[in-house]
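Both complexes below contain subunit A, partnered by subunit B and then by subunit C.
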Partner chain A sequence: MTTGTTTPYRSRRPTGRAGFPHLLRAEWTKFRTVRGWVLAMTAAAVVIVSLGLIFATGSHSSCSIGTVEVACPKPPTGPGGELVDDRFYFVHQSLAGDGGITVRLTSMTGIITYPPPNHDKIVSGLVPWAKTGVIVKDGTRQGSAYAAMMVTADHGVRMQYDYTHDTAGRPGRVSAASPRWLRLNRSGDTLTGYESADGTQWTQVGTTHLPRLPATVQIGLFVASPSDLTVEQSALGGSVGQARYTQATAVFDHVGLRGTTPGGQWSRDDIGADGQTDWQRYHRPSGVRESGGAYTVTGSGDIAPLTDGPPIERTLIGMLAGLIVMIVVAVMFMTAEYRRGLIHTTLIASPRRGRVLAAKAVVIGLVAFVAGVAATAITVPSGTRILRRGGAFPFPVSSLTELRVIVGTAALLAVAAVLALALGALFRRSVAAIITAIVVIVVPYVLAFASVLPDDVTRWLLRLTPAAGFAIQQSVPEYKQVIGNYAPSAGYYPLAPWAGFAVLCAYAALALGLAAHRLRRRDA
Partner chain B sequence: MEATIEVSGLRKRFGSTVALDGMSFTVRPGQVTGFVGPNGAGKSTTMRVVLGLDAADEGRALIGGRPYRSLRNPLSHVGALLDAAALQPSRTGRNHLLWLAHSQGLTARQVDEVIEQVGLRTAERRRAGGYSLGMRQRLGIAAALLGDPPVLMFDEPFNGLDLDGIVWIRGFLRSLAAEGRAVLVSSHLMSELQDIAGHIVVVGRGRVLADASVADLIAAASRDRVTLRTTARSEAMTALAHAGATVAATDRDTLTVSGLAAEHIVAVLGERAVPFSEVTAHRATLEEAYMDLTRDAVQFAAPGPEAAR
Partner chain C sequence: MSERSERIMSTATRVTPPDEGGLVKRELHAEWTKLRTAPGTGWVLLAIVALTVAVSGAAGTTVSCTQAGCGHDLTKLSLFGVQLGQAVVAVLAVLTISGEYGSGMIRTTLTAMPRRVTVLAAKAGILTGLTLATGIIAVLASLLAGRLILPGHGFTRAHGYPPLSLADEPTLRAAVGSVLYLALIALLSLGIATAVRDAAAAIGTVLGLLYLLPVIVSLTPDPHWQRHLWQISPVNAGLAIQATTDLPSLPLGPWPGLGVLAAWTAAALVSGGLALRLRDA
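After this line comes the complex of A and B, so read on.
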C-alpha cells in the first residue's frame, strides 16, 4: 500500500531542546501551578516561625531572693562566649610577668551528700570530676581566662584551660603513697603544664596560648567539686535529674612559686559562692589551713562549660509541624501523578524516567529548603533574642554554629521531603507513603524528645533511623569533662551533626534509588 | 525523520492473559489510519508500547525508525492523547500545557497557539477539574499538538463526546492528515471512523485481522452478497436456506444473502412463489466488514442482531 502523492508533514517551528534543565523547569511549573501545594509550603514556613516565636515569648524564667522575685542572674560567660560554671576555692597571689608554680599533692578526699540509693546519709567519696591543682587566672572574676594543671578523682592528671579545653595526663588517683607533682609555667602568653611522680622527672602534659591574659595574673591553688548528678528514668517516660552538694579537700605541700609576686601574701577567695549549705555551716566550710608548709584546701563547685539550659535550636519547636506538612506535600507531588494517570503524560513527555524522578526530587528539595531557610533564618535569631529578654539564657554559640543550625535545619527539611517523595514513588499511594515517612522520620524523634523510651533505646533510634538527621540541629557539644544529662530529650544526639545528617541523606538516596529502579523497570 | 509508526511482531502477556500476539502494522503519513477492534483487542496496549510506557516482551515499535525512548524531544516527533482524564484537577488547562511545553523547551507562545487551535481560549484559566469531557478531550488534543509533531496518536478520542464534539474531532483529524501527518486513531466502533479513515487496521485478540485501505475492505466484504427486499421475509429465508445460502436479516423487509448467486436466488424464489421487490448485489458498509472480521475475535460477544430478532 502506498499513499502516493502525500508529502509528509514537516513542522516549520524550531524544535525545542529537552534537557535536564527543561525537565527541572517543567517540574517547577507543575509545583507552582497547584495552589494548594504552594500554600501548604508557605504555611509550613509560617508555622515554624510562629510556633517558635510563641514558644520564645512564652518562656519566662525568674529567680527569687527569699520571697522576692527577681530576674535570674546571667551565668558567667567564658572567653569563647560560652556559658560557664566558675565556682571553686582559690588560694592565690599576684604574679607579674613570667613565672610558675610547683606543688605536690598528697591527698584528695571529699564528701557526697545524700547519694542514692537511700538518699539518707552523707558519705565520704569523690565525684569523678572533682578536681584540684594549680591555676593561672585572669583575676578572680567568674568566666575569666585561665589555665590549670589538676588531679581529678577518676580521670587522672589533666591540663584544662578556658573551660572547654581538656588534655589528659597520667591516670590514677592521688594518695600519700602515690603523690602527684604538678607544675604550671607562664611565659608570655604561653602556658605549659607538667606532672611528675617524684618532683625530679617531669613530663609535659600540655601547652597553650592565652593571648588575652594580662601581664599580672592570679596564680595559686584551687579545689572544685561538681554536684553529684543522677538521672532516673521515670516509669511513665521522661527522666528526672537530681544534683547533690559535694565537697573536696586536697593537701598540698612543697609549694613553690617562681617569678615576681608583688604581694607576697596568699589571698583566699571562694569564687562564685552563693550562700552556704548546712554541711559547710555545721561541719566543714570551704577554706584553707596551713600547717608546717602544708596547705589543706577545701572547696566545691566546678570550672567547666555549662551543659543545661535552652540551646538555640529549642526555638525551632514548630519545625516538627512544618516537617509533617512538607512530607505531605512532597508525597502528593509524586502520588498526584499516579492518582489520575498523569504519570503517563509525564513519561511520554520525558521518556528517560530516572531523570524525571531526579528533577522532581531536586524541585521538592529546593522548595522545602527555601521555605525552611526562610523560616529558620527568622526563627532562630529572633527566638533567641526573645528568650534572652525573657530571662532564659540560651547557650551562646558561634555564628558558624548558628548558621549550621539555620541552614542545617532547612537542609534536613529538604532531604526529608526528598525521602518522602521517593516513598511516594515507591508506594504510589499517598496515605501509605505519608504514614511511612512520618513513622521513619518523625516518630523516632518524638519518642526521643518525649523520652518515652529508655535513653539507650532512643539513642539507637537516633543512630539508625532517618531521624538521625535531627542531629544537625545540635548547637551545644557534649563535654566529656562534665557529667551532664546528655539525653536525646535534652537535645544531645548520639551522632555528630553532619554524621546524623549523612544517615538521613543515605536513606533518601536509597529510597530514591529504589524508586528510580522500580520506575524504570515496570510498565507505567 | 519519516512520519511513520512501525509496529512489528509485538508480543506481550499480562500474567496469563495474552495482550499482544504478534501485532504488526505500519501507519503512513497523509491519512487517518483507523485502529479498530473490540475492547480488549490490544489497541491501547499497542499505543502504550509505541509510546514507551509499556515494554513489549517481543517485537519492536518505531517512530520514524527510532524507538520512542531514544527521542530527545519526543513531543516534537509524536503527539498522543491516551486518557483525557489524566490531569491534575486543581491545575488550570493553560498551566497543564505550560509544564508540558517547558519539559520540551517550548515557550508559552506555543501554548497559546494550540489553545487557540482547539478552541479552549475561554476556559484556559479555569481549573481542569471543572472541565467537561469534551473540554478535556480538547485539552488532550492541544497537548498532543504542542510540539507540532508529524505523527499523532489518539486513543478513543470520540468517547463520551456529544455530536458537536464528534463532528469537530472528525474535521480536525481529517485536516491534520491533510497536512501530511500520520494520524492513528483507535476506536472500538467502526462507524466513528467511516468517512475519515483512509486506511484501517482491524485487530482482535492482540493481532491484526485486516490491514487495508477502506475501499479494499468494503470490496472484500461485499463479495458474493446479495441484498433481497421482500415482504415475505420468513418464507424467503426458509427457501434460500434450503437451497444452501447463508441468510441474514438486516432490516424488517431486507435480507442479506451470501453463498448463492443473484440469478439462483431469483430462480429459487420464483419456484416457491415467494414475492420480492428487489434483488441487488450488496455493497457492504464498513461496519459490516468489521463485524465479519471480528466475529471470531470478540471475546465477550453479546448475542448478535439476528438472534435478538
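After this line comes the complex of A and C, so read on.
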C-alpha cells in the first residue's frame, strides 16, 4: 500500500492548484452521497433552531405588584442603547449653559441588610461600588445621559459617564480625617472632572464629550448603593446569585455652584424608586437633610449598565446537541474510509496524503459552517424577539456583536468538526476519536455550566481546553465597575471572544498537523 | 458484587460442553471470551479507573476551607471523577456490541447462539460484572484520594469536616450508589448501542444524553421546569446518589434519583432487546 506514494503515478497527474479542486470535488461527492451524514447535518441544524426556539418560548418573566402578576416593566435604556440600572437619590438644580459644581465629601457610611454567613442582621458597612458625588444629567428621566465625579467605597475616586464608561482617580476611602473634594465642570458639550485633597490643589481625573446633552441640565449631589451580591453553588448545578438591599449615606459641605441656576432651589428626587424597604420605612428613608451648609444625603441603587437578563447567545442552547452530532459525522467522514477500506482507493487516486486530509477538512468545515450559520441566523434573531415578547429582556447588542455571535458560533462548529476529523485520522477508530473530541470540547463546557467545580477551576478549563472557543458566543462585556457574578456558569468567559476562538483553532491546527504527519508516515 | 464477578470468571475457566444449551452459561462464556480477548478491553478498564481517580483527586485539590462551615459536599467532590469515568464506561459498553456490528462478527455470534435476547443478556451480565469490579476500585481509590488530599486543604475536624469514611452512612451510600450508577450507565449505553448498532452513532447518542441534559437543566430559566427536567435527566437524578449534604433541596432523594436512571436503563435495554430480536442482523 505504501507503493501508492511512488513517483511515476504522481507525475501523470496535473500538478499544483489544478489538483486540489478536483480533490475537493471528490471529497464533497463522498460526503453528499452518504444519506445518513447529510441527514445528520440537517438534523443538527434543526436541533439548534428548535431547542433554541423552545427555550425562548418557555422563558417568561413576570413581576408582581402586591399579589397581582404583571408584565415586567422594560428596564431603562441608556444613550448607547444598552439596558441600564438608573436608581439613586438626587439633590439637584437646573443649570442653564456652562457652569460647574464643587463639593467636599467628609463621610460615607452605609448599611447592608442580612449578609452572610447567618443572614440574620443588618450590619453597617458599604458594598465596594457604593458611590456618591456630583453629577450633571440630562433631566431626571431614567437612562438619560450624564457625567459624574464620585467617591466609591473601595475603588477610590472615579469619573463615570453614560453608564458604561469609568475612569479611575486617586484610591482610598473618604473620612473626616481624609476628605475628598470633587469638581465637575460643564463647558459646551465638554465635561471635565477634578479631585482634590484640600480644595486648593486640583487634579484632573477625566474629560468627555456628551454632544447629546441639552442646554439646560440638572446638576447636583447623588448617592447610590448597589445590592450586595453573594454567589452560591446551586444544588441543581451552576451557581445562583443572591442580592440584598443596601443603603449609603454621604455628608457634603462647601457645596459651590457656578453658572446660571434659574430655580435657585434644590429639588430632590428618588430616581427610579419603587416602593420602600422596611429599613427605609422604619429606620432611615432615602432623602437629604441640611444643617449649617452640610448636606447629608441617603440613597440606594446604582447608575451602571444592567447585567442581569438573558444574553442573546442563550438562545443557542441547542448548539451543544448540534455540536455533538457534527463531531460524530466529522469523525465518521474520516474513519469510514478506514472501515470500508476506501482509504486505499482514495490514496491511490491522490497519493499526496496531506492534500487528501486538507480537502476533507475543507469539505467538513464548510458543511458544518453552512449548516451552523443557517441555524444560528434563524435562532438568534427570532429567539431574541420571542424572549423580548415574553418579558425577559435580553441585552441589546450592536448588530456587529450579533453578527459575531451568529457567524462565530457557526465558525466554532466548523473548527470543532475539523478537530474531530483530525482526531478521526489520528485514531482511525470512530469511538476513540468521538470520545476524545467530546471530552476535550464538550465536557469542559458542561463542567463549567453544570457542576460543583469552583469558578476558578472552570475558568482555567475554559482557557486551556478547546472549549475556550465558546468564548466567541459571549455578547455581553464584563463591566468592572459593576458587581456581578462574572463566572463561566453565568456566561462570562475568561478569554476575549476571538482569543478563545484562537485557542480552539490552535488545537484544530495541531491535530491536523499530527494527523497529516501520521497519515504520511504510517501505512494506511 | 465482587462475588458475582468471581463467579463469572470461574465460569470462564470451565469448559462447557456444547450440548448444555439450555443454560445461559454458554452465552456467558462466549461473551466473556470475546470481551477478554478483544485488544482494547484492558486499556479501557484501566482508563475508567485512572480517569475517575485522577479527576476526583484533581477536583479535591481545587477547593480550600479556611473557616468552619465551608459548605462543600466532600463526598460528592471526592467522587467527582465519576462524571468523566462514565464516558469511558460508555465506550466499553458500546464496544461490546457495536464492535461486532462493525466487524460483521455479529452474524457469527447469532448463528452460533440463535437466542438473541439471551445473547444480549449475557453481554449485559459480563458488562455489569466488569463495570462493578472496575467501579469498586475506582470509587474506593477516589474516596481514598479525597481522604488523603482534603485535610491538607483545610477540611479538618476543627472546621467541622471529619475525614471521609465508609463507616459514615451517607458516604457509604454514595460510594455504593456510585458503583451502581456506573453499572447502570454501562447497561444504558449497551441498550442504546444495541438499538443504534453503529459505534459512532451510539457513542454520540450516549454522550449527548450524559452531557447535554445537565447543561439544558442548568440553563433552564424557569425554576419549575428546571426541577422537572432535573428529575427526568438520567445524570442529574442519578448522581443524586452522591449527595450527602442539603438533601432536602434536591428535587429527588438519592435512591429515587438512581431509580430514574434505572428506568432509563430498563427502557434502553428493552428497546435494544426488541430491536435485536425483530430486526435483521
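By our rule, the second predicted complex is superposed on the first by the 500 of 524 C-alpha atoms of A that agree within 3 Å, B and C clash if a C-alpha of one lies under 4 Å from a C-alpha of the other, contacts with A are read in each partner's own complex, and residues count from 1 in each chain.
Throughout what follows, contacts are C-beta pairs under 8 Å (C-beta built on N, C-alpha and C of every residue); 3 or more make two chains touch, one makes a residue touch a chain.
This structure is a prediction, so every number in the text was calculated from the model and none was measured.
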(message) With both complexes overlaid on chain A, does A:Ala321 touch subunit B (first), subunit C (second), both or neither?
(response) second
(message) After the superposition on A, what does A:Ser59 contact: first (subunit B), second (subunit C), both or neither?
(response) second
(message) Just to be sure I read the superposition right, which of the two partners does A:Ile435 touch: subunit B = first, subunit C = second, or both, or neither?
(response) second
(message) For A:Gly293 in the superposed arrangement: first (subunit B), second (subunit C), both or neither?
(response) neither
(message) Looking at A:Pro454 after the superposition, I want to know if it touches subunit B, subunit C, both of them or none. Which is it: first, second, both, neither?
(response) second
(request) Determine, under the contact definition given at the top, whether A:Val446 touches first (subunit B), second (subunit C), both, or neither. (result) second
(message) Quick check on the complex: what are the subunit B residues that touch subunit A?
(response) 2-3, 28-31, 48, 51-55, 68-69, 71-76, 80, 82-83, 85-92, 95-96, 98-107, 110, 143, 147-150, 179-182, 198-199, 212-213
(request) Quick one: which bits of subunit A touch subunit C in the complex? Just the residue numbers, please. (result) 51, 55, 58-61, 117, 232-238, 310, 314, 317, 320-321, 324-325, 327-328, 331-332, 335, 339, 392, 430-432, 434-435, 438-439, 442-443, 445-447, 449-454, 456-457, 489
(message) Looking at the complex, which residues from subunit C come into contact with subunit A?
(response) 59, 62-63, 69, 71, 73, 76-77, 80, 83-84, 87-88, 90-91, 94-95, 98, 102, 199-201, 203-204, 207-208, 211-212, 214-222, 225-227, 230, 236, 243, 246, 249-251
(message) Under the definition above, what is the set of subunit A residues touching subunit B in their complex?
(response) 1-3, 6-13, 15-19, 22-23, 25-30, 33-36, 336, 340-342, 344-352, 523-524
